[in-house]
Amino acid sequence: MDQLLFILTYVAVIASSISGALEARKNQMDIVGATTIAFVNAFGGGTIRDLLLGRTPVFWVVDPILTITTFIVAIISFYRLDRISSILLITADAIGLGIFSILGATYTLQLELSPIVAILMGVVTGIFGGVLRDVMSNRIPSVFRQSTELYATCSFAGTSLFILLTVFNFNAFLASMIGALTVFLLRLFAVKFKVTLPSP
Amino acid sequence: MDQLLFILTYVAVIASSISGALEARKNQMDIVGATTIAFVNAFGGGTIRDLLLGRTPVFWVVDPILTITTFIVAIISFYRLDRISSILLITADAIGLGIFSILGATYTLQLELSPIVAILMGVVTGIFGGVLRDVMSNRIPSVFRQSTELYATCSFAGTSLFILLTVFNFNAFLASMIGALTVFLLRLFAVKFKVTLPSP
Amino acid sequence: MDQLLFILTYVAVIASSISGALEARKNQMDIVGATTIAFVNAFGGGTIRDLLLGRTPVFWVVDPILTITTFIVAIISFYRLDRISSILLITADAIGLGIFSILGATYTLQLELSPIVAILMGVVTGIFGGVLRDVMSNRIPSVFRQSTELYATCSFAGTSLFILLTVFNFNAFLASMIGALTVFLLRLFAVKFKVTLPSP
């Protein structure tokens, strides 16, 4: 299971790094901007989570391999990646959303904090990379916009399910898998059918 | 006194949540944006303060009731609140500014840090919720603009008075009340008479 | 050596404070905006570094003299500074970039973290003050733009050299000086000859 999680984490981080770097290129940034945006996109949510929970040094500071991988992927994407299937990117990003959400909730439970806060922290871990990316690119975070398909909502639903299963002493591995898969499938569903949240 | 403080904190947080959610609606955000902006508006200043001082997990992470209240208020405000008196909002916000400022300074003194830093931390707690709200809404923070009536200044004056009284061993409860009341009244005065800071 | 570092730190912080305050004035901010932007410009990078590494309370919270100096310099710059040589500002800023970068890397090594992370943290310390300043001024960080002369790159090169020397047990004082001087000279060179990074 640890190996699966390890691989999925790399998939998620690499996907976030690629999409961050391409985004920066679209915004006429240079390689400094591209690597920073890639980094923020991949690690921003987890960093905010670690800071709020007091888990310092934050996770990537103690994992140089992950850090270097992110940089190298960002540099290659910025200079060499001509076209990439948007379905591939969205799928990889959805994997990331699922994994990051469940990881965020898990770490919060480990500190014996309230399940409510664990759900919230799952969502924060899942979406704040993109929020920081957009703030640094000088625009309203896409996840806040009415035209955006369900994103935080998928994280919220899957993480809530995971917490519910955990509270009822469900097997931890299975609960994580079900939670992450729920996030992932909901997100793909929302993109496919252009589901957005109701306006006021 | 603790009960009074408890009630005033809820008043302040609810006011910040309402105004954050309404602000988000004005900016065409969806409910994810509205709850996030509400949350940031209510808890941003205290969160920055806790991070800078190393008080982690930050305050709202260990207070799920306050967290849930903020969310529910934000959701109701976003979907159901048609009109709300701006005087009421400004008054409640001024209560928040007063309470948050004094709380920020108090926590800093508890760590035996310098009184100067305590004043600064009071102001940060009072104003940074609004600063983060505006940054996430993609505009220059209103509290930095020349046309904005005194805001940080009220926090600075009241917190300084509170620190002065504390340094001279004044009764802590009275000093807090006088400080918070000073912030509150100065702010209402500034709005009423459109007092702004001198330009260079 | 400690005395030299002390003086250079003040030079760097004062330069950052002046340029932050002038920047804020150009953007029609009031004195609250000017002092905040000055503060963020001078202390933002070190603050992010301290938060990521878990060094709290962060450095300026425990150094009231430095904090007050920054404020007074910002206020004077905002109200009284009519013109200032841009060469002087760029030079002082380059001194800051050099010192902040090496300090960031040094603190990271003290926590026995990886040299790779130390380089990264040096760059973060050097550039994130400006990034936060620009984000709060509602624009894309200048250090991310293709038209900006080498900035993060200078920090990266000098910090890498410093780390390399340190890994090979070079004298710490000399390594710091060589590293900081490399950052400083590269930056002046880049500005003088308008060197920018290659676009994709």
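Residue numbering begins at 1 within each chain, and the chains themselves are lettered A, B and C in the order written.
Heads up, the rule we're going with is that contacts are C-beta pairs under 8 Å (C-beta built on N, C-alpha and C of every residue); 3 or more make two chains touch, one makes a residue touch a chain.
Just so it is clear, the model here is predicted, and its values are computed rather than measured.
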item: Fitting subunit A to subunit C on CA atoms, where both chains share a sequence, rotation angle to nearest 5 degrees; value: 120
item: Interface residue identity across copies subunit B, subunit C - same or different by half; value: different
item: Subunit B and subunit C, separation of their C-alpha mean positions in angstrom; value: 30
item: Where subunit B touches two or more other chains at once, by residue number; value: 51, 54, 56, 135, 138
item: Complex contacts: residues of subunit B adjacent to subunit C; value: 51-54, 56, 111, 113-114, 116-117, 120-121, 127, 131, 135, 138-141, 143-146, 148, 151-153, 196-200
item: Sites on subunit C touched by subunit B in the complex; value: 24-25, 27-33, 36-37, 47, 51, 54, 56-58, 61-62, 64, 67-68, 78-80, 135-138
